[in-house]
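Below you'll find the structure, written out as structure tokens, and then a few comments.
So that you can tell them apart, the chains are marked A, B, C and D in the order they are listed, and the count of residues begins at 1 in each.
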Amino acid sequence: MLIVMNAHASREEVETVLAHVREHDHTPTELPGKERIAIGVFGENPPSLRDFVVGLPGVVDAIPVSKPYKHVSTEWHEGRTVVEVRGVRIGGEELVVAAGPCAVESGEQLSATARAVAGAGAVLLRGGAYKPRTSPYSFRGLGAQGLELLARAREETGLPVVTEVLTPADVDIVAEHADMLQVGTRNAQNFALLEAVGQSGKPVLLKRGLSNTIEEWLLSAEYVVAQGNRNVVLCERGIRSFEPAMRNTLDLAAVALVRTLSHLPVMVDPSHATGIRALVLPMTLAALAAGADGVIIEVHPDPDEALSDGPQSLTPAMFTELMAEVLRLAPALGRTVARPAVAAG
Amino acid sequence: MLIVMNAHASREEVETVLAHVREHDHTPTELPGKERIAIGVFGENPPSLRDFVVGLPGVVDAIPVSKPYKHVSTEWHEGRTVVEVRGVRIGGEELVVAAGPCAVESGEQLSATARAVAGAGAVLLRGGAYKPRTSPYSFRGLGAQGLELLARAREETGLPVVTEVLTPADVDIVAEHADMLQVGTRNAQNFALLEAVGQSGKPVLLKRGLSNTIEEWLLSAEYVVAQGNRNVVLCERGIRSFEPAMRNTLDLAAVALVRTLSHLPVMVDPSHATGIRALVLPMTLAALAAGADGVIIEVHPDPDEALSDGPQSLTPAMFTELMAEVLRLAPALGRTVARPAVAAG
Amino acid sequence: MLIVMNAHASREEVETVLAHVREHDHTPTELPGKERIAIGVFGENPPSLRDFVVGLPGVVDAIPVSKPYKHVSTEWHEGRTVVEVRGVRIGGEELVVAAGPCAVESGEQLSATARAVAGAGAVLLRGGAYKPRTSPYSFRGLGAQGLELLARAREETGLPVVTEVLTPADVDIVAEHADMLQVGTRNAQNFALLEAVGQSGKPVLLKRGLSNTIEEWLLSAEYVVAQGNRNVVLCERGIRSFEPAMRNTLDLAAVALVRTLSHLPVMVDPSHATGIRALVLPMTLAALAAGADGVIIEVHPDPDEALSDGPQSLTPAMFTELMAEVLRLAPALGRTVARPAVAAG
Amino acid sequence: MLIVMNAHASREEVETVLAHVREHDHTPTELPGKERIAIGVFGENPPSLRDFVVGLPGVVDAIPVSKPYKHVSTEWHEGRTVVEVRGVRIGGEELVVAAGPCAVESGEQLSATARAVAGAGAVLLRGGAYKPRTSPYSFRGLGAQGLELLARAREETGLPVVTEVLTPADVDIVAEHADMLQVGTRNAQNFALLEAVGQSGKPVLLKRGLSNTIEEWLLSAEYVVAQGNRNVVLCERGIRSFEPAMRNTLDLAAVALVRTLSHLPVMVDPSHATGIRALVLPMTLAALAAGADGVIIEVHPDPDEALSDGPQSLTPAMFTELMAEVLRLAPALGRTVARPAVAAG
């Protein structure tokens, strides 16, 4: 940490800061300059040290130097993490495409979608049983019954299932039925939930919070990994900006940057990011070109009747076209596309 | 809802939309214009109707007309709500000042702070027993022990207690000890938690989510009220913007606007909003001038040793000065300042 | 500046950075720590030094320590600046209220408004002759004719005139007619214009750019002052955030913060900030409570016929009420309200 | 436009609005609903009509239906625009790569860079002679001398030149030396400049403003085209968000969306968008996959000595690698890569 003193700080103020740092068991180094004095504190600086000094008289600022995350950082961990979800490897050479409806609405709807996406080449089935909705008056999912339907669709198609869990009390039942637990954007800093999914040991798909910085996102991942569960896949799904034309602002440069900061795999959700069907294909290609390890796509057999997120859902035919484009793109990126482990029923 | 067709939409496309609206049991009205056709759908439009039509061929957009919240809206409810917290009335003529440490750290720290703020004129005691922290390595509160200390401080000072609850499983124990349950910014769209605090029947202090629009904030309040619990106080605590100089961007115009949209009381947290001690006093005055019903202030007996949020905590002396300024300001705003029901011990 | 090396940076990488700093005529200090080495460079660091080192191998970041502005900073200048506009002093004890129409539309409209606001107690007349409009199809002002009308209104009422200048070529003609030159939010980083108004020697009202940080805003002021013109009044007018309910997000904490960083006076424009007539009064009071030296208010004799910004313009009656509230508030803030130097005609 | 009345609006309030609309020569249609009345106004609604009604008693909102831009819209113009810059066609089948230094620093620096990028396959030379800088103390370009050097580099390499113009007074001299005029992000709403470059008739590279919505960006393009100059290339270069890890947030979905809203070509500037050298290659590939017609890349022979933007500049070797990747990607996107019209000297 670098503690920056005011240009006119008195000697007494400097001494108070030095004493304060020592009281907290750190070693300060005085760094005199032309304009002002700065004080370096190096070592394992707890972020709280900043809080202890930044309000002292004569202190202009205290600038942390180390990143606050460790387990998820490339600086402290060699090699890249590959997360395995019932045989599907995320983070290796192969690009992974997950697909399915926004919400599980019925056995027929889910089964039709699951068979369609499996047939087109998806290797993971997505679908929400518990839906977080901004309004209490919107459709909020089938709950436990939705989980049963997902498990049945997995049997039918062989596709492992990723689904969202909303609250710690539901982690057990979701973990029983699903192969990967999704933590959604609104829960990205629900720390009790992060610890609960960490303890479950299941692979976790961790969406970036709507207004979370990359550092906060990685710290949320750190919460999961700190429970001994390294099976975390980060998922960029758009952040909130001033732009009203799209549902969110997809931050693809974050994907490229996170791959330099962390060894965890990264996927992208172009459906929620844009909220516009016509943008899902170009943003899928852009995400993979930016370095994403996979994408997660909303598909619905009849999008205009979908109980949620119809406007951004692809038809099965559009999804088939998307898979064709992904297959065409992959070699130009030096990658291959993961194929289903088990043929669709 | 107004469905806007493309300027070149075919008659067939228009007919498809009209049929679609009727299938969903709504009555469309065709509105021909010079440039394009629009289709009005009036009545109780479920937000999902938008989803059903916005992806149809020839549709440019579907614009909702009604606000999605009801219970919390001034349009559907006459008069203003006053929330009573163990005798302290929030939302009436009187301005309410809540104060206390960011986190409960020890019996001594809490007791000293509680007595100081009660002595200076605060009427509610704040203090965190369960702390949400961005990093898993930060101090996260004393938990149940912190609740005990808060209850003891209430006995000592007579001040009702407001404290944060992080997860539905903790609602019972927090409701047992505290007089008002705070839902923090990171949980503003933790819908399971909103429903749990709604069911508790306790007064709720609902902070605005870091990147929540005013409409989303009111919908979160609607979640609580929809459980039959109208005792909700909204709390503006700064939103996330591009500006790095302060912790958050305090949106005081939102306070004035929310007072026209909703009958619920509104408080402001200038400590978290700015993160800078020197700004707490001016922003307290500004908040009250903007129409807030009260403020919630962080005070610590020794801020530079605080385990969290030291840089934004006031000393007891600074808080005493703040109370003096509030007392001086109130008459100019046509308001009075709530006085403690019970004298400090 | 503090140059932070990677935890695993080689000795050779460190030496390269040290040599590089010396080549640029700075003196590096090596600061060894437990986890990593950092390199301090103190003195007058040109911001460009950061650019020279941040791309070198092994460098994680280079963190500037000094603020990049000097002339406008409280750190380098004692006392507060008072800007005098034809006898009206901004930045002293007195609160200053400027008012007038968004755009000058006609002699009758301007004269009626000017007389009304002068009668109610405004001490500066605002009004746009050159209007920046997002769409080329909106009304863009009367230009030179508008300037004539403003000068005539000044004669009529005695109120000094503040009006916007859009481009360097217009600075001379605007300076001839007006008493204070306004640089609008879209031109806040139009550096050619900033230098031109600096050279004019006239008082400048410098609005904050729609997405400018406080540091960028102060650097824009530095552009003007660097031309030898210290008569700069900063004006907060709302920043762009994700919130769609209001035209902009008024950042009143920035007002309080800027008063600690800079000796320049600060005014607030609650009309443009909110875009909603009903919010102008509460945000005026909040701005003054936050420490603003004055406000600038849009008033129109018939807002629903205004050629621009009608929805946020006050009627003369509403403005009279606003002045009454300002007079009532000022003593509680320890301030007085500036009175017109010359009685209205 | 749809005028939405309050649920409790009186008949008199409705009649006032109807009369008001008719006075402005529009035809209102009353749309009675279950909850409230709405009033449709269809035809060529001037945006100002909204202003005229939104402040009337009983009016909740007035929602515009038409897009405010015409010339640049796909709705009113068939086919796609191809902008030709001295033989280089932007917006057709071929992907266009522009490259060069951030700032022209000297004849040697520019010549070395120009020859390197021409040799590697760039077809346009970029380089700033007039540099907008946040701080008045940063290097601000060589001005007219820089233009001469750019013209000389064009002779040497055959590459057409794109360079920024900062103020209307400079448009003539820049247009004399350069083949394409760049309007930078800070001037995206400098309307005097937009009209001046429009009148020049030269091809224009129009960067998106730092916090401009897509609609505002297209309206800025409309300013240029309304002068009779259709040779506008839009350039996405990152918007401002809350994320501090990168210089800006590159909004690639905006590229895909703009291609559906407008017939104008779109390029992307990944260098300014990210500010980080290592992200330029992945974001170049992502931009092209998203549908961009080309990219503009900063290259410097010795980035660590660059007078501006060194940290984001590529070395010539890195640029050669980038071109190889672009050539590899193009066929997978169904496109080809533009080749230099004239061989490098």
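Everything that follows uses one rule, which is that contacts are C-beta pairs under 8 Å (C-beta built on N, C-alpha and C of every residue); 3 or more make two chains touch, one makes a residue touch a chain.
Source: prediction; values computed, not measured.
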Point to revise | Chains touching both subunit B and subunit D, listed by label | key: A, C
Exercise for review: Name the chain whose C-alpha centroid is most distant from the C-alpha centroid of subunit B.
Suggested key: D
Check your understanding: Where the centres are mean C-alpha positions, what is the separation of subunit A from subunit C, in Å?
Key -> 39
Study note, to complete from the structure: Expressed in whole Å, how far the mean CA point of subunit B lies from that of subunit C is 30
Exercise for review: Averaged over CA atoms, how far is the centre of subunit A from the centre of subunit B? Could you give it in whole Å?
Suggested key: 26
Review point. What parts of subunit C, by residue number, touch at least two of the other chains?
Key: 211, 240-242, 244
Revision key, fill the gap. So, in the complex, the side of subunit A touching subunit D is made of residues 211, 213-215, 239, 241-246, 249-257, 260, 270, 273-274, 276, 278-279, 282-283, 285-291, 328-329, 331-333
Study note, to complete from the structure: subunit A contacts subunit B in the complex at 20, 46-48, 51-56, 68-69, 132-139, 166-169, 186-187, 189-193, 210-211, 216, 219, 222-223, 226, 240, 277, 303-311, 313
Point to revise | In the complex with subunit B, residue positions of subunit D that touch it | key: 2, 4, 6-8, 29, 31-36, 38, 40, 42-44, 63, 65-66, 75-76, 211, 240-242, 244
